[in-house]
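Before I ask anything, here is the structure I am working with.
First chain written, first letter: the chains are A, B and C, and each begins at residue 1.
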């Protein structure tokens, strides 16, 4: 560990097992570092997991699974791709990925913001939930796989489709299946057969435009691009039919 | 037909006695026979035995295998195993005296052996572990053969009968050792199998034991996870393995092993200092399955000395005494007085309180 | 009145000579069985709404009420019993999945009742537990293979352990499924008796943080109320993979039960359904379980044991072994007779295996793999009395969870309607006028008394066996004998038949 000044710390992750690496990160934060830069990361899990505070974590390399799980505050910036389970059950904070990510991004995420420059895997935004002033936000620049926003109970999913695999639709099948809260904005069009049976497509209103403008603006702030151009395209808004999709499923014996 | 030890669990009550010279001076088996004979009424003629240390000064580094064979067939089959696994220095019958009382004795043989070098290297084990595994294999896989003892410069002499008769049968008055332990057995049901008599041994360890423990199956099932095979299904066998695991395999000090087997009550922890408290708590947490519950008194012998211990509730009797370099333990004080009329010190041993006798200059068993 | 194909389940029998028309029954019954008939100036009732919870019977000051099973019977038929005929009528009318509360009520074998305990006679002494020390202390958590001692001191601290004064804990029942007063009662009883209660998957209400040292916080697939402070709040964390009453099925707390307090605790909007997915969507394979276990250990800096709760299913031994190797410090097995607030009936009554067989198989398998001593085993799913606990320990458990038994201590009458949210005993409900019927001070006393009584009985039985520390019973199957069991059952249980 090299300490360049009191508030910025650099850690070389090369060859470190995650337990050791995360101990070093926690120690640096406990010693008062405002910024911790971890370089040569390759697959180390749990970076930022369970951490609270306002510090900034910079991750260079391929971030391992469960980056920022249960995280409560902090800003994590990844220069590289992320793997699976990023922002798992995240409570607050910001994660910015200069690259793409794997599956299950933002599972059960409750608050905070995640920005992904590229595309994401399957089951992204699954069971995200909002509550009082806590509204989690996921903004994805590329495309998403199937089961996008499955069981979604709250929060905002924004899928831009600016990049991603040629010939693939912007989102996979069963989009929003089991959704019973929150909202999704998908740029362009989504085929009816791709939607879960619990969601419906509605028109965007003024307030939606405002929300989109705010988060696309932040996306552009992180990764560059022209917000006006992005917002110019048509968007689809998806919301659940109701908060009680399974209200009549059961009868008592 | 009655099932023997190993085929069924046979509980038994008993008498035990031990005599040691801490300077390592050897003495004949005469005293130990008198001592155990005095407690004749604590056994019922269905088992008696002795362990003696320091008796083979001519072969101090060889493993002395005392063997019981049902017949020549089983001896020959076992000897094939011996030849494959050991270099045998000397082998032959253990001399016995014809007596009226002892009948149905098996073939009793003795071999002084060393592990076969190439086999030992191939196994990747230490010599002791190699021998221990061979012994357990013979006892569980060779019908009709039983290893009565397998340590260095020591041996077990046991059989079906009263202990004083067994002592006479084996001519123990002609052997000289610095540590002798003895056992008179009171089993509740046994067909009278020689292997089932005490002491039970493994390598240098020998145990004589009195009492039926209630924790047997909890102890056994724990020990079996560490590679032990409790083929005799006796308490003594399980207690021996417990000591072997803690002292030899885990390298723990004797007082820690004693803490595991006869743990202090939780209520006693309040009166301990923090370091001791942490240690006892850790022992009771990690080795909880080795707590020996129910009545027992034991003498665990080794080449370095012995420890005598009884259960933490003091459900079995145990008395100790000292005179000069000699230290004595027995189920009854009279058994000590019989061979040492005026000891320097006599005391009744408390529950869970070990009596330790070690050779001069040695600090662990 | 609409036409029904079925008769009511119960008849309310009101003794008109005794009834004083005081209307207490009207106020007590949340199912609205009793009603004041203004014109007739008398209390009347609707049998069809009665769930036989005995609340009215026991609160009637005149002892005027009796509830009886409705006497009409279908023509006797061993195949088409009342249950199947009535179920079909209900499903034909609604097109819905049958739902029930509590554990299965079918007469499956209860192996506890086919196991007998030993006692000492002559060859070793029984111990008098009233006057001699009798220790029930148990530690749950990961144990090393061996201790290392340096200079008479511990060379390494032990991994974190839960310290139980008796081998019984209160199993997971979530806030939402049960009332806050129920949870408070159990939390206080756990604190008083030196044991633990598990939050279930509904988060930890602010008022219960003070009992954190006696709390096991649960993380289930819905991740309700899971945040760093919650993970830190308890003494251990339990990952819920499955539940005995409904293995392989997710959870579903209806929006009616999500009032302000539940919403705050679960951190979801008021009135919305709380859906727990069937799997954890970050666990699709055993190596993913390891990832979740270690994410929780990382988040709490390895200061808390992590338990994994799994339902007893066919391949339970291999699954438990996998969980142990994935890093679980405590493995909780919930048998298929275990309770629930709501489960699809057909799943509840036909999926999974009994806890006794699961426990015996898991304990033996972990021993065969020489890893049993490294982890702790907690079992649940119809632990009905102290001798069930003793038998479970002898089969190989470290401790038991009780759920239904604890609720019965608080007044539950096992009417199996928990899912309705109208529990007249104030247990499985969030309605303030009902929850206030259970005073947590009284409830804590009742639950603590139950543990106290069972602890006495356990000590009696241990003493009889000549054992004075619970650990000497753990896995001590020689203390058990089977009765009326087949060779195969005895083999799986690892016990001999009585008389052997």
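Definition applied: a residue touches a chain if its C-beta (ideal position, glycine included) is under 8 Å from a C-beta of that chain, and two chains touch if they have at least 3 such contacts.
Please read these numbers as outputs of a predicted model, since none were measured by experiment.
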{"item": "Most central chain, Cα average position", "value": "C"}
{"item": "Most distant chain from subunit A, judged by the mean position of its C-alpha atoms", "value": "B"}
{"item": "Averaged-CA centre spacing for the pair subunit C and subunit A, given as whole angstrom", "value": "37"}
{"item": "Between subunit B and subunit C, centroid-to-centroid distance (C-alpha), Å", "value": "47"}
{"item": "Subunit A and subunit B, separation of their C-alpha mean positions in angstrom", "value": "67"}
{"item": "Complex contacts: residues of subunit C adjacent to subunit A", "value": "87, 90-91, 94, 96-100, 221-223, 226-229, 231, 252, 254-255, 263, 267-269, 271-273, 275, 277, 281-282, 291, 294-295, 298-301, 342, 344-345, 416-417, 419-420"}
{"item": "Interfacial residue positions of subunit A with respect to subunit C in the complex", "value": "18-19, 22, 26, 45-46, 49-52, 65-66, 69-72, 84-85, 88-89, 91, 104, 107-108, 110, 123, 126-127, 129-131, 134, 150-151, 153-154, 178, 180-181, 243-253"}
{"item": "Touching residues (chain side subunit C, partner subunit B) in the complex", "value": "120, 123-125, 127, 132-133, 135, 137, 139, 143-144, 146-147, 149, 152-154, 158, 161, 367, 370-373, 465-469, 471-479"}
{"item": "For the subunit B and subunit C complex, residues of the former touching the latter", "value": "9, 11-13, 188, 211-219, 221-222, 224-227, 249-250, 252-253, 255-256, 263, 265-267, 275, 278-279, 282-289, 291-295, 313, 315"}
